[in-house]
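Quick heads-up: structures coming right below.
In what comes next, chain A is part of two complexes: it sits with chain B in the first one and with chain C in the second one.
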Partner chain A sequence: MIQVKELKYTYPRKKQQTLRGLDFEIGAGEVFGFLGPSGAGKSTIQNILVGKLQNYEGAVHVFGQEMKKAGVDYYERIGVSFEFPNFYGRFTALENLNHFRSLYRNRDAEPMALLESVGMSQAAHTKVEQFSKGMKMRLNYCRAVLNDPEILFLDEPTSGLDPVNTAMLKRLILQRKEAGTTVLITTHNMQAAEELCDRVAFIVDGEIKRIDTPHNLKLRGGERKVRVEYEGDQGRSSEDFALDGIGDDARFLELLRYRQIITMHTLEASMDQIFIDVTGRSLV
Partner chain B sequence: MNRYMVLLKHDLRNMARDPLLLFMLIGPLLLILAVRTGSAYGTDLLQSAGSFDLLRYTDLITVFMMLLIPILIGTMTGLFILDERDEQLIGLYAVTPIRKQGYFLYRLALPTLLGLAMSTLFLLAGGVAQRQFENMGVLGMLALEAPIFALFLATAAANKVEGLALSKIVSLTLIGAIVAYFAPEPWQLLAVALPTYWPSKLYLEGASVGGDLAWTTAALVTGFLYHLLILYVLLRRFLQRID
Partner chain C sequence: MRMWRMFLFDIRFQWKHGFYLIYSLICIVYFGILYFVHEDYVEKSLILLTFSDPSALGLLFAGGIILLERGQGVMGSLFATPVRIREYVLAKCLSLSCLSVLAAYAIHLPIGGWPVSPVHFTIGVALTSSFFTLIGIWTAVQCRSINSFILLTQLYVLPFVLPLAGYLDWMHSPFMALLPTHGTLILLDGAIRVVGWQETIYAILSLVLWIGGFGWLTNRAVLGTVRKLDGGKSHE
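Up next is the complex of A and B:
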């Protein structure tokens, strides 16, 4: 679906390259995440893939076509949600969706049904200028899928959402994936990326430091151990046990049998820790 | 529906909710109506009150009023662009089938065509303009002035509120008409930087008895090229700004 080779980009009047030779491929129906701190180049990649930035070096093929040659048809097939929601504030949610839907040939999507899917049917006739950031973000998602896109670009989709709405949006994104949509997410929300993405790319200073599945990254970065926290004679204590041969570990079995267990966790690394280990940077 | 018609329909709905934008759309029509019905009445009134002959200033009134039309339409368009730039909607249109090119084509074609239509209506039906060949060139320049004023506001203003303040500066360009009418020729050089000077000069050259053909041609060619140059420079600056 998307093939990128040796992608470099330098913004006008800037000396330093923002993207420094990226290579990656994204398959059809895949949910792919670009993870990195602010200024790493995530949005620049998205802006190149949606055709907003043209003067790049290297090869960028989407739907088998070089991005520099993308025409009107390309925009019929993609949906884009930017980090900052863009709407006509003086118009209602429904009026905004109807307007933007009219720009596409595919007008099968029902704006009211989309609003219902994000729990906003009650706000359909409210002016967008009265919306909170979270409501605008949900409306932003509705606008991005108005044309039932084959590729969906989401920039920080969970920004400004409370946990309930974050979970709802994740569910909607996974439904899109199941329907065959390719989804590209740029975010610095590790938890969202881990739950949504088939693969993630760590980006720092315009370079991809690693691409893999969240599961593989966590296994590779962690230790094959389990940490048991229990109520000991002198108060709470914890001990680590190797996973290999744990069924024959007498001390482990003793704790399970005779102590009150408080928590028990395997020690795979967190995505945040893996990111720091791989890139030497934190996701701020 | 054609995508440009979608944008037009949206603009009309937007104007219906904003009295200022609505006034700027119907303003030129009100102006034409006021000039047509008011000029004869005003002439009679002033003559009977103090023997002031308004008819002597018909050409000045004509150039003044004809310049107001693109100012109103350009300001309206500039405020639309500022609104859309403030809400980052231009970037959004860039990733829809309308694309950035389509957006700008629409945003600049609309004031051009509207300005041309309203200016033509004014010159033909306003009841004060002279019917002359030079009016073709005048209309060409007036049509380009609305997008020039729109881009000036969109480039110079940081937001819509600043845009409203700057629209008053746009109105000051009417000085071009006054200079072209009152100032003797060497002093007119002071106003050549104002785009409004050129259609005024061309109209007045045509209207004057024994007008100089060389001056008329110079005003037409220079004025038209100057308008195109300003439009190009402003469009480039605006595109740099939104990128």
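Up next is the complex of A and C:
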């Protein structure tokens, strides 16, 4: 679906390259995440893939076509949700969606049904200027899927959403994936990336530092150990045990048999920890 | 047809942002002023007023719309849809032309009555409005603030006001005949006299050619600043 080779990009009037030779491929129906600190080049990649930036070096093929040659019909096949959910403030949610839908050839989507799917049917006739950030973000998602896109670009889709709406949006994204949509997510939200993405790429200073499934990254970044927290004689204690040969570890078996176990976790790395390790920066 | 749907949306946008209300108030003010003009000067005053305001309202209003759309941040999302720049620009030209024609008649009818040639008058207002709308969009997409927009538009529009000097017999120069607004004045004159077909063709052709030129410039400007974020220019 998307093939990128040796992608380099320098913004006009800037000397330093923002992207410095990226290679990756994204398959049809895959949910792919771009992770990394602010200014790493994530949005630049998205802007190249949605055709906003064309003065790049290297090769970028989407639907088998070089992006430099993509015309406006390309937008019939993709949906874009930008980080900042901007709308016509004096128009209602429904009026905004109706207008944006009217710009596509495929106008099968029912804006009211989309609003309902994000729990906003009550706000359909409210002016967008009265919406909270969370409501605008949900409306932003609705706008991005109006044309039932083959590729969906989501920039920080969970930004400003409460946990309930975050969970709802994740469910909707996974439904899209099941329906065969390719989804590209740019995010700082490691939990969302882990739950949604088949693969993620960590972008740091315009380069891909790591690219793999969240599961593999966590295994590789962690220790092959299990940490057991138990009720000891002096109160709660914890001990770590190597996973290799754990079935023969007498101390481990003793704890299981004779102590009250509070928690027991393998010590694979968390996505947050991988982010910090890879980028050298902490999550905000 | 997408252009038609955008045109209708633009009309609603202008309505919701009070453009029609503002212009109704302006028309009332003009009506009041013209009421006190001596009847020997009413006809010329009407032509001059129609030239300088309803016809040219596209200039400021188009700029206002662009700056509003940019301020609301909708440009990015709008140009991530299949909308073509020419559709976007044309919808703005047509919607503002409608407002111009309505305003021109609102000022003209109560004072001057029905134009001698409504066709010339209407075409003159509509084409001139489109021309100034294009200048407004062209300038606005390159400006970041309302102040720089107002400053630049005054500068760009200055040469196009020169034919007024000829119309008022203050000064004549063959150079003025090259300007589209010379054609505007001929067509607006259709409100008070019968305009010959040769003059009509010349006036329409002049305006259409200038509209074509500025349409091309506007298309490039929107492409380079809104649709493509790197301006289609080399960054090396």
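Definition applied: the second predicted complex is superposed on the first by the 279 of 284 C-alpha atoms of A that agree within 3 Å, B and C clash if a C-alpha of one lies under 4 Å from a C-alpha of the other, contacts with A are read in each partner's own complex, and residues count from 1 in each chain.
Keep in mind that, in the parts below, a residue touches a chain if its C-beta (ideal position, glycine included) is under 8 Å from a C-beta of that chain, and two chains touch if they have at least 3 such contacts.
Nothing here was measured: the structure is a model prediction, and the numbers come from that model.
Superposition of the two structures on chain A leads chain B and chain C into a clash. By the touch criterion defined above, A:Lys225 lies against neither chain B nor chain C after alignment on the C-alpha atoms of chain A. Contacts of A:Tyr104 after superposition: both chain B and chain C are touched. Of the two partner chains, chain C is the only one touched by A:Gln54; chain B is not. Looking at the superposed arrangement, the partner reaching more residues of chain A, out of chain B and chain C, is C. By the document's definition of touching, both partners, chain B and chain C, reach A:Val80.
Look at A:Arg90: by the touch rule set out above, it reaches both chain B and chain C. Touch criterion not met for A:Lys8: it reaches neither chain B nor chain C.
Overlap of the chain B and chain C interfaces on chain A comprises residues 12, 50-52, 72, 75-76, 78, 80, 82, 84, 86-91, 99-100, 102-105.
Of all residues in chain A, those touching chain C in their complex are 10-14, 47, 50-55, 72-76, 78, 80, 82, 84, 86-91, 99-100, 102-105, 143, 147. Those residues of chain B that touch chain A in the complex are listed here as 1, 3, 6, 10, 13-14, 17-18, 87-89, 91-99, 240, 243. Those residues of chain C whose C-beta lies close enough to touch chain A in the complex are 2, 5-6, 9, 12-13, 16-17, 72-74, 76-78, 80-84, 227-236.
Those residues of chain A lying in contact with chain B across their complex are 12, 50-52, 72, 75-76, 78, 80, 82, 84, 86-91, 95, 99-100, 102-105.
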